């Protein structure tokens, strides 16, 4: 008959080179058994402390620092409380207008990304030859790796406008677009939007692709079987099911566009401070740290509200 | 869903156009790195020189910046992996009050615009923090960059590991304990091997994220420490160095492509242990 | 004199050029490395800024740097220093091997130089407030803020051998001293010039009216400096064109004067084709002809001309704003000895002349102009002409207490300038 | 087998209780296991049977040590292990999804338990090899789990647990993922393995047929409580409660009103369909034997199941339905809408305690009707 397991365990020593945990380890392991809170605490303690102390703490400090007055001569924050910075950030029409404009651009970028992503993702996941799918997905991902500045710089070289009759020798041709197709948006708003779309497009394509990939073909067939034309199927079946994926993608396209200030610097060659990021950067450099802190409350609020809205749509499970 | 042939062709064309849109600028930069002139004007296909490549090779500043970027990214990635994996294990193994808040907190650094994160961290690091018993100042330098980068890289590591753990059978850890393995053994023989490739994929992504970061870096880098993106940004405003920027940009692209491919493979593949 | 070699290297970095320029040749100093045709551009000789570069091809390495480091400071040298500087103020030969005043400094003192480029005075102040840097090349519109903010440590001139040679007119100015004590070492000065395209303006313009009134070929293609301090340029123009406003000093504006300046800047938006914050933006625009006139720095003119841009620059009749930069030591400097050595070095005759030629400004060290090949540079930049600088209004920080001595009104402080500029630009 | 063993039960559950939900908030709490007392003897093949959500799996997980009881105690071989960690219990588990380690080979999976206990390499290789042989997977050692079929994985999971020679083997619906044919094969195999190794098997299932065919004893769970413990025949023939009657096999449960009318006893009764005869169809008379009771009704539905048919009858003067299982060849003239008379032995009807059958198990019951009585 079978030897009881205890004998099996005793047999351990026979095998030599016992690999069981040493005594202190055993004690520690036993201490954790059944103690759920201890388990959660020791796993989550370090990351949570890090995020709370370093990140959330910094955000709180930032908000607090918006409440201090700026010394007009030395331009350093004083220890006097004031609400002037908040007033200036939230009631001055010029500021609010830039915020609206920036949110508008971020939304526009998000919508354009969405409009491009859906047909592309649909093609890759449902139409393209099976062997090509993976390749196309990787191909979509690779430019993400080329580096933010590299790509920004690339767009500068793309849209660089042609010189006029006063241009120096060799400077008449303009960038790639001008010299090959004879047209370029030039530096400015269009270039900003195009560049932002370029930057964040893969962030939208990927979640939508993943979402479509999870969507069984039978569902689409069923819809077609019930008499829905493809567009109807798209609107009534695909779109609602894709909503979490779209929401996840839009977090990136929206919030990354919202805070950008490098792109306007690279492809906007000194027109007005088009995006709010540039304004914040300008104020910070003024230097007016408290006012800059007050200004950052705008994107902070907008993004947190946006995140909460997207979370309701289930975006976080699709990030 | 049956699509008509024209619809399929249209979708295919949109995809091709998108790929062109994604790659054309990169090709332009790569081509410009061989351009004899120093401007961003398109040379056509006439001029060609490898002068900039050899200059970049000899130049100290970009090489040092590249090295700095690698150092920061490496250390930040390691920290992010530890924090992200711990968080992922906690979040998949336990249900607890405030779990939503934790996941929100983890996503926040990457979702908030870099300029907000940057200013917030700069503000904190530059302060002398008085805790009564002792006071300290984080200050700026290699360490401040690592802290900042690790903070927004955590979510990348976390996402990868969580995805892997969610795809794995929830019973694996219980099975291990059931077979007599203590917590430490279970981690060593089961949990770690399971998430290893996900960690590697997350690590590569975190590395790339850190390596490429410019906004938060601008705010949290100290004096005398320059990463490659900082070097590139600084040299946008130095006309003499524009060709070197092209070279470094092209170099980074060439190096990162195999890495990207590897990360993609690792995060897709791996055994999932779904049981059935 | 061994120092003949000094500007020789300015000719270029490859052998071909060094030998080719045996005879004195007009060179648009800094960038002329790759395009020999640009160096020979016929217009170049007419350019007032063109740097004379006699081609004495003496071997490098035997250069007399005309500076002996302070032994006490060298003894305490920390091995490195971190400084904030304007682009072009610190060159280690990586941009152009002919311009390198960092390597000799490192060899002489053992101090590595780490540079953070400041894109504007405002940014420099912000960076200095972080306390991370040992020093800064501060313009007059930054120094007041820095000194008042306690960022700057006073200097003991005895530690600086170069100080004695600095032009008297630059010493103990309001922007580089506190209560009669020097707060830094003057570095050089220059005027903000009016740049114009020589094709669009066959006849050189002589008034800032090109930028404010319009009616010229440059309408819609005017390039404006994107900084709050530019409000002073508008005020300076109003000072000449609307005397009844009573502007005495463009940095001392009461509310009415300030509002008039802002109104002028608002109307300028129709003429503007570019607001530049990065000097390369303006340089590129000058080269491709999208900008036909604008406020500029000499260094930009030099760089653009070396790329073949058909441009020139003048100081208009209304006078000009300008800068007198000062190297200052941070009160929180981690490497004070290296910083002091650097300040002394940069104001010494050889290094000072290198910077002046590269950047395109008047040197601060009187002996610099005595170096071979420097005479013409000093003449072009009016280094030794006191009169020239009379109508140059060096950047200063506006304060509530009017800088022109008025006591019956309060002036608009610089923070308001910043707010007004932010509003204007958004 | 030593006699002393049988005196100490392999497993004892004493007033075992488990609630889920937020601590300290009674209103949110769900009682999963409610004061369960149970003794499982050495060498038994014991099944925990019940619908999903009835608490049987939670009991199993508490025996294994994966869940801490909210109250009560778990004793293994007379020893209190209530708060002992899983790795310190002589118990092994076969999981529903097998939980094979995906990154390890089959051989490594089986060796795992020995390895973490420090058994030497040669020894554990030998024992794992033997174990794999005994589940007829001797040549599969180098494969990865995902390269195996469902049945093979199931046997690997079994081997991985048994190689540790546990005192008790816990099986959590191990056959649930297999198709019908394979499942029947494995039932036989499991039974023979249990016979061979002679250790206690605790088998969780919601499939009453499986439980009846394999077990030495069965505990029927409902709503966190044990409704009945007994040998399969006892459970089937004498269900203690209406729930057991309905859940194990198919049963007609007569409420007290109907019982009073038909049987003359005012209590809930249960009758198995196969005990009911069709004594008369239409006007044709049939004989009701002594000791039999009879009722009249109308045929609602006839379900053909091959060897037999199930006839659903609505009783006259009542809304109650009865199900009769009759041989297919005795169905002449039976058609929906026609009158019938049903009869059964008084001894076939037995009193049960009325317990509720929740919706879920009702569905399950419906499914059981399809399979008919072939489990018996």
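Letters A, B, C and D name the chains as they come in the text, with residue numbers starting at 1 for each one.
Basically, a contact is a pair of C-beta atoms (placed from the backbone, for glycine too) under 8 Å apart; a residue touches a chain by one contact, two chains touch by 3 or more.
Please read these numbers as outputs of a predicted model, since none were measured by experiment.
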Could you let me know which interface, B-D or A-C, is made of more C-beta pairs in contact? A-C
Relative to chain D, which chain's C-alpha centre is the most remote? C
For chain B versus chain C, what separation do you get between their C-alpha means, in angstrom? 39
Approximate Å spacing (C-alpha centroids) for the pair chain B, chain D: 53
Dist(centroid_CA(chain C), centroid_CA(chain D)) in Å evaluates to 91
Among the residues of chain B, which are close enough to touch at least two other chains? 39-41, 180, 182, 185, 236
Note: chain C residues in touch with at least two other chains are 278, 284, 287-288, 307
Send over the residues of chain D in touch with two or more other chains. 85, 87, 115-117, 164
All pairs of touching chains, each written as two labels joined by a dash: A-B, A-C, A-D, B-C, B-D
Residue numbers of chain B touching chain A in their complex, please. 1-3, 7-8, 10-12, 14-15, 18-19, 21-26, 28-29, 32, 37, 39-42, 44, 82-84, 86-87, 89-91, 93-94, 96, 100, 102-109, 111-117, 119-121, 123-124, 127, 147, 150-151, 154-155, 158-159, 180, 182-185, 208, 211-215, 229, 232-233, 236, 245-246, 249, 252-253, 256-257, 259-261, 264
Can you name the residues of chain A that touch chain D in the complex? 1-9, 11-20, 29-30, 33-34
Chain C-facing residues of chain A, complex: 70-76, 88, 92, 94-95, 97-98, 160-172, 174, 265, 269-273, 279, 282-289
Touching chain A in the complex: which residues of chain C? 120, 122-123, 125-126, 129, 144-145, 148-150, 197, 199-200, 223, 226, 228, 274-278, 281, 284-285, 287-290, 292, 304, 307-310, 397, 399-400, 413-415, 418-419, 422-423, 425-426
Residues of chain D touching chain A in their complex? 1, 68, 83-85, 87-88, 90, 114-124, 164-167, 197-199
